Amino acid sequence: MLEVSALSKHYGGVKATDQVNLNVKAGECHAIIGPNGAGKTTLIGQLCGELLSDAGVIFFQGRNVTGLPMHRRVQLGLARSFQITSVFDDMTVLANVAVAVQANRGHSFRFWRPVSRNESINARALEVLRLVGMEVQHQQLAGALSHGERRQLEIAMALATEPQLLLLDEPMAGMGAEESNAMLAMLQALKGDITLLLVEHDMDVVFSLADTISVLVYGQVIETGSPAQIRNSATVREAYLGDAG
Amino acid sequence: MIAVQTINGLQLGILLFLLSSGLTLTFGIMDLINLSHASFYMLGAFVCASLTVLTGSFLLAIVMAVPITAFIAFVVEWSIVGRLYQRDHLDQLLATFGLILVADTLVHWFWGPSGLAVPLPAWLQGQVSLGASLFDPAIVIPTYRLLVLGFGIAVALGLFWLVGYTRTGMLIRAGASNRVMLSALGVNVRLLFTGVFALGSVFAALAGMLIAPVTEASIGMGNDIIITAFVVVIIGGVGSIKGALLAALFIGLVDTFGRAFLDVLLMQIMSSQAAETAAPAISAMLIYLLMAVILVVKPQGLFPPAQR
Amino acid sequence: MKLINTRPAILLSFVAACALSTAVFAAEDIKIGFVTTLTTGGAVIGNDQRDAVNLAMEQLGNTMGGKPATILFEDDGFKPEIGKQVTDKLIKQDKVDIMAGYIWSHVLMASYRSVVNADKILISANAGPSPLAGKLCHANFFSTSWQNDQTPMAMGELLNSKGVKSLYVMAPNYAAGKDMVAGVERTFKGEIIGRDLTKWGADAQLDFSAELAKARASGAEGLFVFYPGKAGGAFIQQYTQAGLQSELPLYTVFTVDSLSLPKLQAGGLDGVMGSEMTLFWSPDLDAPQNRIFVDGFREKYGRYPSFYAAQAYDAINLINAAAAELDGDLSDTDAVRAVLEKADFPSVRGNYTYGKNHMPIQNFYSRQVVADADGNWSTKITGTVYENHQDSYASECKL
Amino acid sequence: MTDSRLPTGVALITLILLAGVPLSLYYAGHIFWLDIFTRAVVLAIAAASLNLMLGFAGLASFGHAAYLGIGAYAVGVPAYYETYGGGGMIASYSGWWHLGLALGASALFAAVTGAISLRTRGIHFIMITMAFGQMLFYLLVSIDEYGADDGMTVDLTSQFSHVDLSDPVMLFGICYGSLLLLLLLQYRLKHSHFGRILAAIKQNENRTRALGVNTFYYKLTAYVLAGVICAYAGVLMANFSTFISPGMIEWTRSGELMFMVILGGTAWVFGPVVGAMIFVLLEYFLAGLTVYWHLPFGLLLILTVLLFRGGLGGMLQRIGATRGEGQS
C-alpha cells in the first residue's frame, strides 16, 4: 500500500529523518515508535505532503506521490489526523465533517444553494459521525466540545475523506483513561477496513493495535517486525526500550 | 556623478536603516505592525528643531531630544501600543494608523502647519571636496550629509554590538526567533517589550532629527517613508537586523539611482517630456517591484530568522 | 427591542437637524465659499489666505453692498478629490452666492466644473492652470492672480537680460509645475540643459540630493526652480548646504515668499539673500490699497503677508465691488459677471484689466530678497519686466 | 457565525434609512445629502467586496483600493479618448464598454497579482498586496496623458440606453440597487458550498488542505471576485464624482476600506455597509466641526480596535446574546 525508500529531511545540519525505509501492507495497522526527537512528526509531515523531502521516494498504491502536494495525496486516499487537535471551532460538528465530505466529492465551486440544505452531504457526514459515535453532538459547535470529543471529531474528519490509508499522529495525546479507551475501541473497529499508520507514545495502545511495528531512532528505522519480535529485539531494547526500563 | 550619487544613496539608506531597525525589532519580537513608527520620526524632527532654536546648538538638541522621545514612546507603549501585542495584524494596522492621525494633528496644533527649519552650526554648512573619479570631475558633498552618513554608521554599529554582544541583545535575538522561549527563560517579558519599543522609537526619532536640517521638520513627513521602511523590513526578513541594513542600503541606492539616471535612460525610448513625468514615478515603483519579486522567490524575505 | 426602535429615530433627527442647521442663514445674506488648504503642510498658505480674507472682511465691516456677508471656509486637504467634495458641499448644501480660493491647480481643475455648471461664479485666488485660460475657459471663471505661465515667462525675459546662456530647471510634477516649466522655456533664449520633475502631493519629495548633484554636474549658468509652500524652504536649505550659490545662481518663482523668509532667517540660511524672482506684486509695491493691506496685515498678524494673501484679499474686494454695484444682490450671475469684468475695485497691485478669458492683464516685476528697516527679511521690487502683460492662452479662449 | 436577530434587525433598518433619508432630504431641497449617501453606498460596495476576502476567507488585502482605480479609469480613459481623439478601439462613451473593460481588466489584474500574492501569508500577504497597489498607483502617476498626479475629469458619464447616470437620483438608485444585489449575493455565497470552504480556510488553512481541498484555487476565486466587484464600485465612483485621480488608489485609501470593514465587523455580511456609512458621515461631520478633525477620528479608530472586538457586528451579536434573543 505504502512504500517508502531512503526518505530524508534535513534542517540545517540536523537530519530529522535519514534514509527511512518503510513498507505498509494493505489492511494492516503499522505503528511507528521511537523516543522524543526521533523524527516521527517530520516523517508524518513528509508522508502527508506538508513537508517536502530532500531525498527519497514515496509510493502510494504503486503510484509515485513524492512530489504531490498534500491535497492531491488526500484525494488519492492518504489522509491524516493531527497531533495538536485541529478542528474548525466556529463550525458545528456536522459542518466540520461536511467540509471533508465536500472535499471528497470534488470541487465546491457552487455559489448559490445553501450548503447546509445539501441532504446528500449531510447524510454522508452523519454516517461518518455515527461511525465514531458522535451522532448526537452533530449540532454542537466544535469549539464547545471536550478534548476527547474533539480528537474523535478530528478522526471523523479524516475518515470522511474516504482514505485507503490513515496517518494517525498520536491520537491518544492528552487524553484521560476513559477517553483513551473509547478511542482505542474506535480504532480497533476501524482496523481491517482501513490501513492505519500509527504514531503513538502509549505502548499499551501500540502493542494492542499494531500488526507491525517500526522503531525510529535518530531519524533512522533501526528495526521492523511484529510486536513480539520488537519486544524481544536486542537492538531495540538497547536503543530504546532498554533505556525506558 | 556616480560617486556623488552613491554617497547620496548610502546616506538615504542609512537613514532608512535607522527607521527600519526599530520596525523590524518590534515586528520580530512583539509581532507588532506599527505604522505609527513614522510618527516618532516626525516627533524627533520637531522636538530637535524646537530645542535647536531654544538652545542654539544642534548637537545639544539631539542629546536632549533622545530622552524626551524615549519618554513619549514609553507613554504611548504603556497606554495604547502595549495592548495591541495580542491582537491580530489588522487590528494593529488600524490602531496605529489612528495613532498617526492623532500625532499629525497634535503636531499641527502644537507647532502650526508651517514646519520648522533647523539652523546648523557654520562648520556643518559647508561642503567637502573628495577629489575626482573616472565619472566625476569633482566630488563635492555637503558636510552635513557626510556627518549624517558617519553618524548613521556609528549608530548602526552600536546597534549591532547591542544585539550581538550583550545579554539584552541575546534576549532580543531569542525573542525574534521564538517568543514562547522568552517567558520560559524567566524574562520579564512586559519590561523587555517596553524597552524594545522605546529603543526602536528612539532610533526612528534619531532618523528624523538627522533629516530635519535637510528637509525641515514638517507634518506627515513620516507617512510616506514608513511604507518604504516596511518594504525594507519585508525584503530584509522580519526580525533580522542584518537583513534590514542590507535591504536599507540597497533600497537607498536603487531610489537615488532611479531619480538620478532613469530619466536619461527613458529618453532613449520616449519623448523627453514623457520621460520626465514617468521617471520619478517609475523609480518610486521600482522598490515595490523589487519587494514583490523577492517575496515571490523568497516568501520570508532575504534573511528570515531561524524558526523554532 | 428598545435599542432597535430608538436608534433610527435618533439618527434621523440628527441628520435632519444637521441638514436644517445650514438653512439658518437668512436668505438675503451674502455667502461666499472659500476653498483653501487648512491641513497638511499646505496649510501654511491656506492660513495666510484665511487671515487675509478675514482682514478684508473686517475692513469692510462684514458687509457688502449693505448686506451682511459671511465667508464659509473649507479645507481641500491638498487633494483634488477632497477639493471637489467640499466645493460640491458649498454649492449644494450651503448654497453660497459665489466661490473663491483654490491654491492648487489640480484641485481647481477637479472642482471648477461643479461651480460653473451650477451657474455660479468662481474666483481663483491663486491657481491659474493653462487649460482654464485657454481651451476650457469659462464665462464664470475669474482670477485675481495670474496664469501659471506668466511669472516664469517674466523670469525667462529677466534671465535673457542678464545674459544667462544655460539653465537647469526643477519643479514639482503636477499641473502648475509643468506650466511653470513651459513658461520659462517659452521666453528663455538660452539652452535648457536639464529638467527634473519631482514627486508632489501630500507626500511630496523633499530630499533633493540626487537632483542637486545632477544640476551641479550639468554646468548650467543658472538654476530655475518652482517649489511653493513648505517644499520651498526645504529646497533653499539644501541649495545652501550644497554650496551652490557661488557656482549656480538661483532664480525662483513662487518659492521664496513671506511664508518661507522668516523661517529661512531663523535658520540663518543667508544664501537666499539677494536671490531674484519675478512676481506681479511685492509688499513694497506702491499702490494705495497695498499700503492699507500690508500695514493692516502687519498690524493684525505681526508678519508680512504673502502674495497668496494679497490675491485672496483682492478676491474679496472684487466680490465687494460687485455687491456694492448690485446692492448686495448676487443672485443674477450675468449681472455679477458684467461688474466683475470691469475689475473696477481698489486692487493691491494698482489697477488692472481682464482679458476675455478673465485672467488679469497686469505688470510683472523683478524682486530681490533684502532686509527691511527692522532687519526682517523681505522682498523689494528691482524693476518692471512686463507692463500690462496678457497670458499666451487668451487667444485659444473661445469666449 | 450565525447571524442573530438583533444584527439582522439593525441591518434592515439601516438599509431603509440608507434609501429613505437621502431621498427625502433631496426632495426637501437639501440636495447635497444625496451626494453624501451615494458616496457612502459606493464605498459600501467596495468595502463589502473587500469583506469577501477579509471576512469570508481571512485574506487581509492592503491594496484593495487599486480595483476602485481600475474601475474608475475604465470609465475615464475611454471617455477621454472619445472626447479628445486617439486610443483606437478603446475610445467610447458606452457604459457597457466601460463596464466590460473594468471587469475584464480587474479580473486580469486580480488573477495575476492574486496568483503571486497568495503564495505568501500573514504580514507578507498584507505587504505584497500593498506593493501591487502602489505599483499601479505609480504607474498611473507616470502616465502624463491621463493627467498623471493631477487626475482627469470625466466630462460625460457612462452612456446607457435607458439610464441617465448624470441624474443624481437615478445614479443613487443604481448604486443602491447594486448594493442590495451584492448583499443578497454575499449572503447566499457565505452559506454556499464555496462559502463553507472559505470559512474553513479562514479558520485553519492547513487543516482544510489536509482534507483534500486545493485551497489555492478557492482563495484565488475569492480574490478575483472581490477585485471585480470593487472595480464595479469604481465604475460607479467615476460616474458619481466625475473626477478620477491616482489618489483613489493610494495605500491610505486601502486602509480606509479596511477600516470600514473592521468597524462594521468582518463576520457580518452587512458589517461593511454600516462601516462605510459611519465612516462617511463621521468624516463629514467632524470635518465640518474643526480643521483638527483627524484627532477625534484617529482616537475613534484606536478605541474601535481596543474596545469593540469584532466591530459593531460583534458588539450587536454580544448584546443580542446576553439578552437571550439571538442565540444560535
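In this document, chain identifiers A, B, C and D correspond to the written order of the chains, with residue numbering beginning at 1 in each.
Convention: contacts are C-beta pairs under 8 Å (C-beta built on N, C-alpha and C of every residue); 3 or more make two chains touch, one makes a residue touch a chain.
Computed from a prediction, not measured in an experiment: that's the story for all the values here.
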{"item": "Partner chains shared by chain A and chain B (touch criterion as defined above)", "value": "D"}
{"item": "Centroid-based (C-alpha) most distant chain relative to chain C", "value": "A"}
{"item": "A-D or B-C - the one linked by more C-beta pairs in contact", "value": "B-C"}
{"item": "Between chain C and chain B, distance of the C-alpha-averaged centres to the nearest whole Å", "value": "35"}
{"item": "Centroid spacing, where centroids are CA-atom means, of chain A and chain D in whole angstrom", "value": "43"}
{"item": "Inter-centroid spacing, chain D versus chain B (mean Cα positions, whole Å)", "value": "32"}
{"item": "Chain centre separation in whole Å, for chain C relative to chain A (CA means)", "value": "74"}
{"item": "Touching two or more other chains - residue numbers and ranges from chain B", "value": "108, 223, 277, 280-281, 284"}
{"item": "Per-residue multi-chain contacts in chain C, two or more chains", "value": "38-39, 43, 173, 199"}
{"item": "Chains that touch, pairwise", "value": "A-D, B-C, B-D, C-D"}
{"item": "Contacting residues of chain B [partner chain C, same complex]", "value": "1, 4-5, 8, 11-12, 53, 108, 112-120, 125-127, 136-137, 140, 142-145, 211, 213-216, 218-221, 223-224, 256, 259-260, 263, 272, 276-277, 280-281, 284"}
{"item": "Complex contact set, residues of chain D against chain C", "value": "6, 9-10, 13, 16-17, 21, 25, 28, 30-33, 35, 39, 141, 148-151, 153, 241-243, 245, 247-248, 285, 287, 291, 294, 319"}
{"item": "Chain A contact footprint on chain D (complex, rising order)", "value": "1, 188-189, 191-197, 199-200, 203-204, 206-215, 218, 221"}
{"item": "Of chain D, residues touching chain B in the complex", "value": "54, 60, 62, 116, 119-124, 126-128, 130-132, 134-135, 138-139, 141-144, 148, 251-252, 255, 258-259, 262, 292, 294-295, 297-302, 304-306"}
{"item": "Chain C to chain B touching residues, read off their complex", "value": "38-44, 46-47, 173, 195-199, 202-203, 205-207, 209-211, 213-214, 216-217, 230, 233-234, 237-238, 240-243, 259, 263-264, 266-269"}
